[in-house]
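Heads up, there are several structures right after this.
In the two assemblies presented below, chain A is common to both, partnered first by chain B and then by chain C.
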Partner chain A sequence: MKTFDKKFTLLWLITILIVFLVAIAFGITMRMEQAEMVDVGPLNFYILMTSHGLLMAGVWFVAGMAGIQYILSRYFEVPRWGSVVAYACTLAGVVVLLISTFLTKFHAGWYFLYPLPFYAKGADSGPVLFLIAIAILGAGWLLWSLVLLVTILRKYTVTQALAWHHITGRPGPAVSPFILISFVSLIGVTACLLAAVVLVILYFIELARSGTMSNDPLLMKNLTFFFGHTLVNEMLYLGLAVLYELFPKMAGKPAYKTSWYVAISWNATLLIVLFAYFHHLYMDFAQPVAFQFIGQVMSWFAPLPAACVTIFSVLTTVYRSNMKWSLASLLYFFGVMFWAVGGVGAILDAVIANNLVLHNTQWVPAHFHTYNLLGNVFFSLAFASWFADEYGSEKMAPSMVKVIFSLLVIGGTGFVIAFYLGGALSVPRRVDMYSETVDEGISLAKMAVVFASLYLVGMIMYTVDFTKRCAGQLFS
Partner chain B sequence: MCWAAVLLSFLLGQNPNEMDYLLRKIPDATFKTSDSSAMHISSWYSKKPVLLTLAYGRCPGVCNPYLLQIRDQISLLGSEKQFQVVVLSFDAEDQPKQLWRLAGFNENSPPPANWTFGVLEEDTRASLLTSLGLKTQMVGGLYEHNTVLALIGEDGSILQWIEGLPGTAQWDRLFKELTSEFVPVYSTLNNTVWTSCFQYDPASGTWRMSWGLLMILGPALITFFIIIILQSITRNDRTKNNSSILIQNQL
Partner chain C sequence: MIIQKEVFLVFSMMFIIIVTVFFLVFISSKKIGEFQNLNRKRAIFFFIAFGTVLLVLGVSLPKSPYFLYANDQPAQKVFVAAKQFSFSISKYPIATDDDFNMSAGAEITVPIDEIIEFNVSSLDVNHGFSLYKDGVLQAQVQAMPGYVNRLRWRFSESGTYDILCLEYCGVAHAAMAAKLKVE
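The block that comes next holds the complex of A and B.
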């Protein structure tokens, strides 16, 4: 193992953990505002919400990418500069982002739905700085994604990397699930980052020709959700790719093989993810009706291949294994299960009839926090734990494993249950105060503050422990 | 001045500051009609949609052709019972009947029941004018003013706001709103946005898909080509290490 790859991965992980703690603090502050425990006011609430959403999406995306980069570097020679440039862009992008939200008071929400950025902007420079931040992040990550794609294509043709020969039974090189899933996800990542690039360009054109040109809101909304929805989905798959590589080994079982059904399901996922985002536009009467049907059908199918195959694989791996449960394997196993719970919540909401009731209630943050906070985050934390166990000065103490794991699971589930209950009671999302008609929201927010704080304590312990065990490596 | 402003907004076919008025509530102003001493605008808009406009009797300029045009357009529509046209004067010296003339009515052919003419009372006049964006200025004993036609909903909020002579598309939109017809596409600031998903033809009220909709596919298509290109530029690398292709899982 090359020391550079190790050290740089470590740098990524430590950075991610620190930013995560900050973003959780933002989240708890929002919940405290909703619980009427503090009074930051609506403007600050939306500033926190915008910063929180983007930091979280960004941080767990790069966490997935760092995992891919690392495992890939155990297979092949991976160019380093992709990761390095992406790291620089991520730092720069985050700084500009926080300036745009906290200093120039930009507060249009994490996916900045058109034309809100022109209104929820604070100073005039707000949207400009914000779009610059998005451009820096988008460019850096796009480049990184392309570098990783090239790395895979240096070894396999497109059809090989998509494991088509595993479906047809034709001869060809063995393609591990890790390669297949990474390849599929990186294609999706590239597509959604390109959408972000187009989006930012259109915004800049409108800004530059102030007043004389306006964009088509329907196009902007489509591009926005192609970007936002797809990014959030793909970053989960990045984490899964690493899971497929590491999990069987943890259970003392042979590495996963790319069977025909694994190949088919991930090829299907490649296509389905690109169309599922239409379910964000059910309320848009101008959207062609055909798209609404596609959105509905694709949303039903979206989780089937990847989720079912993964759950099946993980369960059979654990069954009758002599798994030594470490924090890494616990997080992987429960991450997959919570991902499934969040997925069910998502499908319920993506059914048009339900969406009429659940649209923009707290059901939405409920389901995506489930598969992020307890799913995707767990995958990346599992990778980090495995990494620390492997290369750190010592393994994590078993008592520590129990405490941290319990805090994360209890804190996380309590926190999302408050959101689900809020959704069921029609408490709206994205408001900083609740009127009497939905004042249940206030008590639920209080409950969420308590549980989120448990999660935060767990994460602080995790971060301290991780740094203690690994920081030495960084400077060795 | 008055004419120039009207002409300009007509040419643009567009209300650049429509958004400043839409969905805002108007004050419930009082006015005198020829057969009542004082009534509230709400006594109309609480019953049915109101097409509200302001004028004054001695106007040497736009008021007369403006109201004639409104009358013409409304007669095309037919469904007169469903809404009330309310024409109010902002000139305290006016008599309600004086205003009839502006729309081509007189004692022999009086206005039909769905037309109301009245003179605004002093106390609420200014606030109504402001809420509708009507600007007046006294010049040599006469008023210079712009013209505004507003559709008022049953809670007193402005549902449509048109400054100057409405263009065909604006009439179309107004009538659709009046008759609660579903309008899938509104023309926005600039009809020729090159990224539009739809092209809307206001005259016929039809719309067809435009290539903006294709841009939705853009990112996926570009990705497809990028992958093809990457595959061809890495061809040499692949042949080089063909032999070492069987991957060893290093775990």
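The block that comes next holds the complex of A and C.
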């Protein structure tokens, strides 16, 4: 069982790293097109954009899940088939997705805002194939999250897994922060994947009725962002759950315990995250104002429990710890720093009055790339580094640690700063070229290409080193 | 100062503070010691953050654009319809493709320092209706099929405003633009 868990986690990690490199290459090509350094044309640009977005969201979601699956297997017997089915569905979903985008030219963007899939479809089979890809991915991941939820519930009741007894002081089993955060995040994942299922069903009903009925665009938009926003948030929390488990040991400190405020924080996060997505619809003035206000209030309260507790814990763990830094601990520590920076960018955009001039500008990719590329990705790379240090043939050479870490941080920071400047200069996001009105975007795209290339070099070195150290384990 | 610059300034300050704190703690990790008064400092940290959130919500929510000139009578209503990949702007409602074609390409002029109500919708997919002056985004609203989004706005500067689509709407999205004159 344990050998299987190790090998399968390794398979997940190698697959994730390879898909990540491909998705980065797509992203750099998009920025090169915006910088007028290449000429792929608008259709290919939006095909790349659709593929890049969905691959990135998907790959780092499964990275978080693979981390959770592995750490859970150290606590309990976790059924293998959930992860195996999810792996098969992920591979099949990615293949169908790439067929829909590159062969049938589907180009409606990763969150395929209704009714765009019927207009930006390429061939007639484009939206059908794309929706099949989403259905395969959604079904596999939903099943996986249910398997993990049930695994936790075999040992704990719902209230125990939510650590309510740590709040009330009633007797009960000690629940680690890892179990609590995993449970909370998996509930959120299940909720948003169910929304995706409903969304896909509604699309298929409309397709089946071929023009005789149409869905409500505002309802579809709410479903889309409930799914997309929540998925991206929860995948970050999956990475954090593993951080809570591994980071204190890296610092030579005792394991984190679930105190009353940790329990309250993550229970609050469970609720808050489900309602923050309304901020994606601020500029839809037809949406009831009460929802818009809920969006801003929840977006501003969201960082309080999870981020404040985590940031404070990580800082106090490292403070005068005399710890020996590895690539894993560096990525965790600075991943939390960039998560905080990206969070500031996000909540500034979540002020409705600011959103009036920031919505759909480059401020949006600025903040989500900060807490994904430099936050969430760092958390999963930290897990992979820890995994390679534990089970690989050798430790990473210190010089390699310095080079890879510097490339990722310098490359990633310069890349996101180009987006922040773009947001401040009103440069729109998701365009293949910049009109005269916003032509500052061209030089910022050139800057982004240079820094993203540094990040890519760092990731290639990371992937080669990881594979060299661990691939032997896969076949041993 | 325009909002974008204010936001960028606040963000830059917070960026510097966060990075400084993390680097100081990182440097401290070479030493041995204990973090003193952990619970007290955590409580202070939390209450400062909680207070800041309440303050920001209290100040910013009333400034939401839904309330802009809500109790005033607009001097002019302007109807905007979006359709892949152009805008149609008129003083009359645009409900059909014929309405759209009739006013497509027409130049509209609106008065300066008066309240203008933009009634924005779409005849196909989601689009964005945004107003730029000299490359700076002034305001925006989504153009959604089946719904009308109403944005009230007072132009304080005369001249030609660029209208750009800010919601990805398909292959020629980047070229979807129009002009509005303010006199």
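What we mean here is this: the second predicted complex is superposed on the first by the 475 of 476 C-alpha atoms of A that agree within 3 Å, B and C clash if a C-alpha of one lies under 4 Å from a C-alpha of the other, contacts with A are read in each partner's own complex, and residues count from 1 in each chain.
Heads up, the rule we're going with is that a contact is a pair of C-beta atoms (placed from the backbone, for glycine too) under 8 Å apart; a residue touches a chain by one contact, two chains touch by 3 or more.
Nothing here was measured: the structure is a model prediction, and the numbers come from that model.
With the two structures aligned on chain A, chain B clashes with chain C.
When the shared chain is aligned, chain C comes close enough to touch A:300, but chain B does not. With both structures placed on the common chain, the touch criterion links A:218 to chain B and to chain C. In the overlay built on the shared chain, the residue A:165 is in contact with neither chain B nor chain C.
Contact with neither chain B nor chain C is seen for A:6 once the two complexes are overlaid on the shared chain. By the document's definition of touching, of the two partners only chain C reaches A:116; chain B does not.
By the document's definition of touching, of the two partners only chain C reaches A:333; chain B does not. Contacts of A:318 after superposition: chain C is touched, whereas chain B is not reached.
Set against each other, chain B and chain C differ in how many residues of chain A they touch, and the higher count belongs to C.
Of the two partner chains placed by the overlay, only chain B lies in contact with A:174; chain C stays clear of it. In the superposition on chain A, A:198 makes contact with chain B only, while chain C stays out of contact range.
Superposing the two complexes on chain A places one region of chain C into the space of chain B, and among 91-99, 109-117 or 127-135 that region is 91-99. Shared contact residues of chain A with chain B and chain C: 216-218, 285-286.
Residues of chain A touching chain C in their complex: 42-43, 46, 49, 107, 109, 113-116, 119-120, 216-218, 221, 251, 261, 283-286, 289, 292-293, 296-297, 300-301, 303-304, 308, 312, 315-316, 318-323, 325, 333-334, 336-337, 340-341, 344-345, 348-349, 351-354, 356-361, 363, 420-421, 423-426, 428, 430-435, 437-438, 440. Residue ranges of chain C in contact with chain A, taken from their complex: 2-5, 7-8, 10-11, 14-15, 18-19, 21-22, 25-26, 28-35, 38, 42, 45-46, 49-50, 53, 56-57, 60-61, 63-66, 84, 124-126, 128, 130, 132, 135-142, 144-151, 162, 164, 166-175, 177.
By the touch criterion stated above, chain A contacts chain B in their complex at residues 74-75, 146, 149-150, 153-158, 173-174, 176, 179, 187, 190-192, 194-195, 198, 202, 212-219, 222-223, 226, 245-246, 249, 255, 274, 285-286, 288.
Listed in rising order, the residues of chain B touching chain A in the complex are 184-185, 188-190, 193, 195-198, 209, 212-213, 215-216, 218-220, 222-223, 226-228, 230-231, 234, 237-238, 241, 245-247, 249-251.
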